[in-house]
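Shared chain: chain A. Partners: chain B in the first complex, chain C in the second.
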Partner chain A sequence: MNKHAGLFNKMPISIEQRESRLGWKLIAPSLGVIGLLIIYPILYNIYLSFFDVKLTGEKFFIGLANYEKLLQDTAFYGSVLTTIIFLIGTVVGSTLIGLLVALLMNLQFPFRNVARAIILLPYFAPIISVVFGWQFIFDPVNGIYNHVMVEVLHVTDQRHNLIGDPHTALLVVIIFDIWRHFPISCLLIISKLQSINRDQYEAAAIDGCGPLGRFFHVTLPEIYFVLGTLVILRLIWNINKFEDVFLLAPNVQTLPIFTYYAAFTGIIDQGFAATISVVQFLFLSFLIYFYVKKVLKW
Partner chain B sequence: MASVTLKNIYKSFGYVEVLHNINLEVDEGAFVVLVGPSGCGKSTTLRLIAGLEDATEGEVLINKRVVNLIEPQHRNIAMVFQNYALYPHKNVRENIIFGLKRAKAPKDLINRRLERVSRILELEDLLDRKPAQLSGGQRQRVAMGRAIVRDADVFLFDEPLSNLDAKLRHQMRSEIRRIHREYKTTSIYVTHDQVEAMTLGDKVVVMRDGFIEQHGSPMEIYLKPNNIFVATFIGAPSMNMLDATLFPGFVELEGQKLMLTKRINENDIPLPKEGKKLKLGIRPDFFLDEDIVGKETHLAIIRNAHIDIIEPLGFDRELDVQVGNQALKARLDLRTMAKEGETINLCFDMERAHFFDVGTEKRLSIH
Partner chain C sequence: MKKIFIIAGIVIIVIAAILIYISKRPPEVVEIAFWTTETQSDRMKTIQLLMDTFQALNSDITVKLVPVDENDMPSQMAAASAAKNLPGLIEGSSELILAFGEEGIFDIKGATKMVKEIGKDRFYQGALKMVESPDPGNFYGLPYHGWVQGIWYRADWFDEAGLAPPNTWENILKAAKTFYKPEENQYGILIGTKAENYAEQCFTHFALSNGGAEFNSKGDLIFNSKEILETLEYYAELAKYNPPGPHTWRARDYYLQGKMAMFFYSTYIMDDLALAEVAAGSLTNENYSELKGSTFDPKLVDNTRIATTITKTRPGGYGSMVALGLVDQDNSAKNEAAQKLLSFLYEPSSYIIFLHMSPGGMNPMLRDIAGKPEYLNDPNGIFKRYGREKIEEITAGLDSMGSFTVVNGKTFPASGRIFAKQIIPRMIYKVTIDGMDPKDAIVWAEKQMKEVIGS
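Now for the complex of A and B:
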């Protein structure tokens, strides 16, 4: 037996092991950054939610008092309801409209590529400029919406401040968000639609499917997971959505905005604000867990 | 079962005309094979019958009814695609019965048919698998099952075996024959493989560049090809085409006189004094080794052919030989003692040879 054999046998590293070590080394920096910028704030936020934080920076441990206060706050339930309506409206709306436009854009017609590029504009445009545009559209005095409704079509003889009124503002915000984000749904769905083999449709036609049958038996199963991914992405984005809502209609209090008011305006209560974000975080985590298990079947 | 007729069909894609005046009759219960090199229009012809393409001009009839304006889903046809086009999200069972379910067939009928088809195609153990979990041959059988499970008027096959390996292809070929014998459904089969065409079809239609070059029974096409294209396309290895000169009693090939069995009727084929230049076509399979058959007077003999290469194929030996300046192939049986580098005298029956006009490439009827 070779004397040196033992030396080499001591550390038998297979190729897979070597690769996995390299993998860990490569992702270590990003893990560090994620830990520092995301995990630490989350943990600190949870920690803060058990304290009464004074403006001076002093902290007093108060246990679950913040949570008690939150659960007794009727404005919080209003905000949860607003958030749910906002989520359902925007996610369903932008996915359906994205799907519809994607199906249209997948047909052959002249200047299709130009049309596809134009479709993306709402998503590219800077948020602040489109928000001002939309506010101008619904302006009660000079806005084109009221002009058309009252003076041109005579649908009503009263001018409405749709954005100023909290009841209708939510609807405007939902429509705005759908308009702004359907292009991303459309883009992802088109890319999947293009990869569906034409003979799948031909086989379905020969099996007796009309256009609707072909959609449900060929297109839909193919894009199911794209739709699923879109919905989860949009859920995550929109549950935390701040600027679109706040800039267009600050009176629509979805959870992020409710938290913002609690944390940074009026009687500033950072412990309470932290509590709201913890609840929001738990809600989102539960939603995503359920969704990933049931819909995406991971 | 139904008949299929194509009447004066023209088809253009944009400015390119790909089918020129196609006329085709497929009788009830017949098995017709469209064969030709890729781009000859055979698949387009099939897709016109399926309704997946519209004819630019002309009529498509199924069961003597013009179907040009009828969508594929209402033509009651079944089709097997080249890459099978199975539904990836449905398992084998659902793939097979999908058409029946769409047609709202009663449950017990669906079950009976499914059972029969899966028995015939040996799919019983695979019914719960998804297409991705099947091998190529299994997918092919599912695609077949999906077609035959329905009571379709016509089966259309678009190169269904071209993605299989040689052994499976052979096996499925017999399977398709067996299925056709059992179901007797009118079938139209597209392939570029002349072996499939010969073995499967009651009738073979040879196409090139959007034209039908010849149609007839496989043996008709093999033994009496209309022109040089059909002669060389059908049969493997393909027919030798040799430059030769025709005289009243014989044909001259590289200075050798090969005697004809009949005198040429000069009213049919005018022969100038210096003879008529033409192409002499002989299939490699029709050659015999003179050393084996002995001197038989009725056979024509090509003497002193120089053997370049011998490929032993088991029972057969394929010889690449050189006669003067021309190369030809001969397929002899294993009794031949010929060796590479030597010469051989090749006999053939002049009745089996063909003469083709150099200009029109059409076959001259001498026999």
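Now for the complex of A and C:
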């Protein structure tokens, strides 16, 4: 109250108050942009979820009908389960592999910089060409995977469509996502690894720690926050991940794919789409809250 | 002070330049957009050429050509509607045109006027019926081109095995079983099992041949019927002879590679089959040249035949029609410009140029065009390759093609909404890939359809 008293009376204002005002003025443009680009769409989305929106733009208030429709849909619960499996598989997988590769890339060896650049390729390659590449590999009739498995190694005498078969598609999508995104985990971990003081390793070695001991007592505590941040980022990215999953295997119904089929095939049901987005937003918020408070204990 | 004068001088000059530019611009150029579903680059080039010609003839109209994938059309239209940036003219399947018509985005008066101007009797009547609004004599759009679907098959393999052509349920299943040799990487048939429109197109062909329908002539939903159940059970059985996993039309490449005996496809495949270079371009395994069957067989056209009619309890034909829809842009000048463009697209020369983008695939919807020598003389010589007789056989199929949308001469646009929602493709996926019981799947589909109709 005191801080803003100067706004409403003619009393001379202190330097502190002036600075405070300047501070507000300086962040006002950012606040405006955030409000316009983030807060407004979220609020409008919540508002739309209570309406039946026609293609012509007309809106009819229908209360909680969209929410009832969503919660009565068994496919929705299936997609929540698929999303959880997808999240656990990809976040754990890409973080662990990223960590392993980062540890390896932190060692001294010839052409280390070249190797570092090469492992980043999956992340930088355009998604559409990468997806087609994977589809060619697993094509049931012409793909190299079936050719090797059936005709070269004779592991099985039946050709499988691993991407098409709903029992294996989720696994392929998880492996694909790990392969595509471990480089970014690796990159962030390496940058932290390089800042760890060598003295700490020497001290640990003097205290009798072997390689594993040094990893658990020096490396892990040092990169703990980077790992925590990585996991949060991957959770946020992957819960909203659409293109990787949809382009490779549209039969894997994670929440965004479910939303697409439920609301964006045929005549667009914007109200229902908004409802799913609100639920997805709440789900993500809960997941992050749980992770930050209970797992990371920040 | 001097600086202020200099800045003021510059500002005045800039404003004057802008004003001169604006005043010298040609007055009232109307800009409209044409959304086409012909997204391939070579087709875009041809259509752009037509648009350029139109603009040269109508200097007061600018046309922006926008390629839109058929599956994305509803979402793009919703976005354009929200942004008040609707196109003037769109090209889309009759189902899509009906679904949009139901939503009230079309200039129905304009379309009806254009049908009269072009000549109502010149159109194939079955096709025109497919875009008629529930108010008889009024039209949501105008039929532009259409294709007929059939089972394309290896006649040489059939002859060798002593099998009858695949024109009945029994013959098709028998042949699919005979040629299904997965150990040799050879498959019996391709029918759609992925949750995409292709699956519905294959399924509808069978359903029509068994008397299956979505609606009766009173407009009641009758999808949950004995005929549809029989069709779905048969379809699931037939799908066992597909290549492994869910598939859509792209798997037709296996046929071109000599690894499949039959596949459902429209007459669009004619140029791919006839021209070795086109076929080679559509193969997807050029990177694996060591795999068998990767070279194009130049005798494929001679060895390939098509069965357009399938019979179970009655002969069933299936085809699809692409129509042009005039979008109501809430601006009379723009609406008139779109009508002019539509009229231009029906002029014989521009119409034939458009249809020649895919000879056999894009068949004319005006009877008199089909008989014109210019039409039968396509630049790639495809029609000559197949012969006039075969071409006329195919175009004759346009009059008898059926769909779920028209029942006893009455149009049910709700069928378009069901199509757009991909309910039947998802039902097929559930049965053929997820292993759901056909009865349960039909109950599921019926529930979804009721929701779509009720909404």
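General remarks:
Assume the second predicted complex is superposed on the first by the 259 of 298 C-alpha atoms of A that agree within 3 Å, B and C clash if a C-alpha of one lies under 4 Å from a C-alpha of the other, contacts with A are read in each partner's own complex, and residues count from 1 in each chain.
Please note the rule applied: a residue touches a chain if its C-beta (ideal position, glycine included) is under 8 Å from a C-beta of that chain, and two chains touch if they have at least 3 such contacts.
For clarity, every value in this text was computed on a predicted model and none was experimentally measured.
In the three-chain model built by superposing on chain A, chain B and chain C fit together without any clash. Residue by residue along chain A, chain B and chain C are tallied for touches, and C comes out ahead.
In the superposition on chain A, no contact is made by A:L171 with either chain B or chain C.
With both structures placed on the common chain, the touch criterion links A:P140 to chain C but leaves chain B unconnected. After overlaying the two complexes on the shared chain, residue contacts for A:I236 are found with neither chain B nor chain C. In the superposition on chain A, A:N161 contacts chain C only, with no contact to chain B. In the overlay built on the shared chain, the residue A:G213 is in contact with chain B alone; chain C does not reach it.
With both structures placed on the common chain, the touch criterion links A:V80 to neither chain B nor chain C. Rounded to the nearest 10, the superposed model shows the Cα centres of chain B and chain C diverging by 150 degrees about the centre of chain A. Fitting both structures onto chain A leaves chain B and chain C with a minimum C-alpha separation of 48 Å.
Taken together, the two structures place no residue of chain A in contact with chain B in one case and with chain C in the other. Considering their complex, residues 197, 199-200, 202-210, 213, 217-218, 221-222 of chain A touch chain B. Residues 52, 54-57, 136, 139-142, 144, 147, 157-161, 163-166, 250-251, 261, 264-270 of chain A touch chain C in their complex. Listing the residues of chain B that touch chain A in their complex gives 50-52, 71-73, 77-79, 81, 83, 85-89, 98-99, 102-103, 146. Interface residues of chain C, counted against chain A in their complex, comprise 71, 74-75, 77-78, 81-82, 99-100, 103-105, 182-183, 185, 187, 194-195, 243-247, 251, 254, 257, 259, 284-285, 287-288, 291, 294, 417, 419-422, 426, 429, 433-434, 452, 455.
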